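What follows is a pair of complexes built around chain A, which joins chain B in one and chain C in the other.
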Partner chain A sequence: MIAQPATTRDQAGQPESGAVIEARGLTKRYGLTVTALADLTVTIWPGITGLIGANGAGKSTLIKILLGLLEPTSGRAFVLGHDCVRDGFAIRSLTGYMPEHDCLPPDVTATELVTHLGRMSGLPPTAAKERAADSLRHVGLYEERYRQIGTYSTGMKQRVKLAQALVGDPRLLLLDEPTNGLDPAGRTAMLDLIAKIGSEFGISILVASHLLGEIEQICDHLVAIDAGCLLRADSVSSVTRATAALLVEVDDGIELLQAELARRGLGPVRFQRGLLVQLAGDATYDAVRDSVADLGLPLCRMEQRRHQVEELFRDAPAAPADPAVSVAPAMPGSQPTGAAGVR
Partner chain B sequence: MSAEAEAAAGQPALAADGGVIHNIGYRRYDAERLGRWRIVQALTWHSYRAAFGLGRGGKAKVFPALLFALLCLPAAVNAVALATNPHSQPLVSYDAYIPALRTVTVLIFVALEAPNLLSADLRNHTLPLYFARPMHRIDYPVAKLIALSLAVLTIVEIPELLLYIGNVSQVHGAGQAWEQTLRLLPGLLYGAAWAVLLASLGLLLASTTGRRVFAICATGVPLFFSYILAHALAQAGQQAFGPAGPGQPSALTSLAGLISPFTLLGGVLRWLQAPRGVRVPAQMLQATTVGHYGPVYGAVFAALTIAAVGGLILRYRKIGVA
Partner chain C sequence: MTTIELRGVSRWYGNVVAVNGVTLTIGPGVTGLLGPNGAGKTTLMHMIAGFLVPSRGEITVAGRSTWRNPDMFRQLGVVPERDSVYSFLTGAEFVTASAKLHGLPAPDAAAGRAISMLEMTEAQHRKISTYSKGMRQRIKVAAALVHDPEVVLLDEPFNGMDPRQRLHMMDLLHVQGEQGRVIVFSSHILEEVERLSGIIQVIVGGRLAASGDFRAIRRLMTNRPHVFLVRSSDDRALGAALIGRPAVSAVELTAHGLQVRTSDYGTFTREIARISREAGLRLTQVQPSDESLESVFAYLLAS
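Up next, the complex of A and B:
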């Protein structure tokens, strides 16, 4: 369980015990016009939690408020039982933060940087050296750590960013778009690493991303925000159930296939150069396979696709019987799973 | 540590060469954590070393070492001169040292090292990594300020101490040595004024941009040209208006020194020296003279230092989170 829309809870009360992060009516406005967070109330429990939202949805703003780096316009937030406004110092000694953008100096070695940042986390000199070596080893940097960071690939730089967040032995990691700029292999490696830190190291993690398909693989819970508002917060399994669609492409005879699939009650919709059908388990695959085989059509592509995040988190998704209305308008922005796009 | 990791930790694997590899898994850190003040101390020490190129590449060490050696030279010459001719007077005064040399070396040192301490973190957007750690927003600029002040203090005061050693080693009796010590102390204090004013001003100017070359220009150019301008105005004032009275320069000549931090420091020195009756020849000071305006120099010095420190802290309140 992850979320309660706890609008009735006492605004001035104590943080809920056991919660890793708790936001109550959190609002952040820049000037009069820009609202980054609008009355966000959510509770996050230990484990790996994904923070999903499009670019500009308020993910980074939320993380900076949680770290005590930004002051909310109104509302309160607690991290590990500490008030973000009054006790940011205590929070920052218990959390590790991996920023979204590039933040590494190119002309020092990874060892030097992580050791120095370990000292800045309050470690004595010897402990900082040991933990820097440990952290870099955990993220998979071995001999390379004596090389200047400027010579690293993007994937290695992301690992250094993760290592510096880990060096102070945090209780909570706040990771802002950790897979940014990585190729598919690099993404998988980074996600595995995050999953390992969450499960084996026993550190709670909040990982922000705009790629749902990506982080649903490693998260226990999901929190989706859009335009600073909470869309939904729930466990991964309940969120992602029955939300996928299947894209089928044939070289020719698409009209025949559409008629055949319609006859089988799959409700196909023309989309780009193929057909979309609502995916309801293996039976859908079988039906598509049989249809294509019966008609003797040259099948060239079958691909699982996902809805936009608003679609996904809408409480009552439209019935598959009328996908032309509920699914198709949302589709142009979507991407293959594994990199499910949110706008 | 999970049970699985513990199990892995308990079973050392045999490596190919017969050695044993221990998978120690993730280790928690439960020992002492340093408080805010000790973290600031660590950052200060790190930055102080960096100002001399320590912990950086070989090239970074060249200029600090060269400038330091250059500034020590007069003290060494003084010591040698006194040693070879015991009846000669000391060549260099504690207060002013060699003003032109000190001005040039400190100007170059600050213009090079202030950007070195700040611009890399600005350029590479490293500041969020600092600000997300157990420190307050003010701690970073304060640590950098203390570090650069100490660095300037080091290159200014160590030549003073060498001078003192050279002088003391040639005097006879405790009385004379004590007199030398009394003369040294104002010199040390004056050096501290240099350190604080120039470090704060240099860092404020350097913090305007993350590009190192631009930052060096942003720091060096105002410091250099204000110095030239102060001299030019003082000269112009002398030629255009002549003395305001017997032994009194014109107001323009007296106030021209306020323009540059170096001549400002010179003016403060002259103001403070006047009651003591110590007369350093005017040409040995950066400012030609201060006339009746000594207190103005003192006030501007205090105001400029406070403004530079305040400006630096304000600058770092604004950046780093956006």
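Up next, the complex of A and C:
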């Protein structure tokens, strides 16, 4: 035990410098049967990172371990260089956490709650009051802050949860489903706010969400976990990189265009509302342009298709056997995962 | 053909008007019911489902009034937003109970079918209290579909579901719609509505703000110029050629390409390929930037 090899100690001892979150071989079992995390190793760097995964994939368990509230069965985790098991207190003083569920007391005002939580995070009374006022203003709560939380709408409650996460001047925010229950306007406002906190305040953010479109919109990186294991950790731009397929949509005459593109040897395939053709250099663009111009069709879309985060969660990337299968308009199931490009 | 018809339907609670003079027809296929929080979507759904009586107006499903007409439920499946499940039952018991309440001849078989359609077979003998939110949502849908109804109303069916479950539920609803059923669902996630259904009914402040295919609705907003992002082998030259056309009202060079505003959508889309060919330019991208349901919805709320 004393003569532990130096290499092992190096691996297990020091966190990587610059990393915001680091998990090494993190495993958590509940009882003997339930494995929430299975040897998860991942490093999260500064910026906005999306945490995605199925229900029960281990997202909540990971967040609890990172906050030092739950001890892993084995493996180690570091947040901002602090060990999650030993330095939970230090981590919580540097981290703001926005829980998913509705956890706000209905009978206090937002100002009272956020000030109180500011004091709990270690701020002196006056500073807590000032910080609470600041963070409520940042999230866009003004006069309403003196009203009891019980009278708030869902959107306002989400803002209070975000404000209390911000009050302790954190270096890292953990947000669990921040847009849950919000209507479109509320979602847009919340997403803008998160992006602003990430870019202007320079606070690193880990945001868990089921809405992959949101992750694509605001995150720089994403971490996908499945059944407690790492599925993918990558930058959003590389997950959503362009495919080699060109999507062409016309408002009418799609049959004419399909026939013309086929005649030119582009092998068009029906996809959602348009046609997919395999990109083979600049000539493909010219052939599409000339076909549309010759037929005089209204061209409403022509763009390279991009990969989507969603593809990580498709069961089997099965190629539709028959092009007719993918005729269904705007049909999620018929979305070829690069399969159309193969054709 | 089964349809849902509303004629001049209003509903008020005391002095609060929740739904105000809504007239609409919903036919077979998948229809999205949209609106901000508090717009009256749930009230409208409850009236269609026969849970609430309209203060004024008339609602029929397949030609028959839904209020005080329990017979109606043979053709109607309802998935409420609230967690309306009995947590002390197993999933199978819950769905079978629903089948029995409908008086189906073979309740167990019907329940098994509905449960397997929702991919809940594995967990069906567990208590509902042990289910995750997404599983509870799916068992609710199974109970609503157990009697193979022609009309299905779903209030926020995607709530709490993870990405894979969302995809599966979208596929399921799409198939049900293709089979000629009337599927009405409400959702706040506009990307999903856009993919699942082009047909929307938008409720704002209790009134029907728009109805129909959202792309057609967008075309009708003639006061909003259409914006396209165009890329070519020489954006500046293409911009010069485009600004000479009457259909184009503005052209701007941006880092992402050429931003083109047009007040005449039809003419512009018919011209763009020809103009770039005449100018000897390679057209590499034509991307509409405000045709999504997201922007249509925002425009509807703003107007």
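We adopt the following convention: the second predicted complex is superposed on the first by the 231 of 343 C-alpha atoms of A that agree within 3 Å, B and C clash if a C-alpha of one lies under 4 Å from a C-alpha of the other, contacts with A are read in each partner's own complex, and residues count from 1 in each chain.
Heads up, the rule we're going with is that a contact is a pair of C-beta atoms (placed from the backbone, for glycine too) under 8 Å apart; a residue touches a chain by one contact, two chains touch by 3 or more.
What you see is a predicted model, and the numbers here were worked out from it, not measured in a lab.
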Answer with first, second, both or neither: which of chain B and chain C does A:Glu143 touch in the superposed model?
neither
First, second, both or neither for A:Ser199, with chain B first and chain C second
first
Contacts of A:Phe89 with chain B and chain C, given as first, second, both or neither
first
Just checking: does A:Glu255 make contact with chain B only, chain C only, both, or neither of them? Give me first, second, both or neither.
neither
Larger residue footprint on chain A, choosing between chain B and chain C, goes to C
Report for A:Pro105: first if it touches chain B alone, second if chain C alone, otherwise both or neither.
first
Tell me which partner A:Leu70 touches in the superposition: chain B (first), chain C (second), both or neither.
first
Using the superposition on chain A as set up above, list the residues of chain A that contact both chain B and chain C.
none
Chain A residues within the chain C interface of the complex:
52-57, 153-155, 181-187, 210-213, 250-251, 282, 285-286, 288-290, 292-293, 296-304, 310, 313-315, 328-333
Taking the touch rule as given, give the residues of chain B at its contact with chain A in the complex, in rising order.
1-2, 4-5, 25-29, 31-36, 38-39, 42-43, 46, 55, 57, 120-121, 124-126, 128-136, 320-321
Quick check on the complex: what are the chain A residues that touch chain B?
64, 67, 69-70, 89-90, 92-93, 95-97, 99, 101-107, 112, 116-117, 119-124, 127, 131, 134, 138, 164, 168-169, 199-202
Chain C residues touching chain A - in the complex, by the definition given at the top:
34-38, 132-135, 159-167, 170-171, 174, 178, 188-191, 194-198, 266, 269-270, 272-274, 276-277, 282-288, 291, 294, 297-298, 301
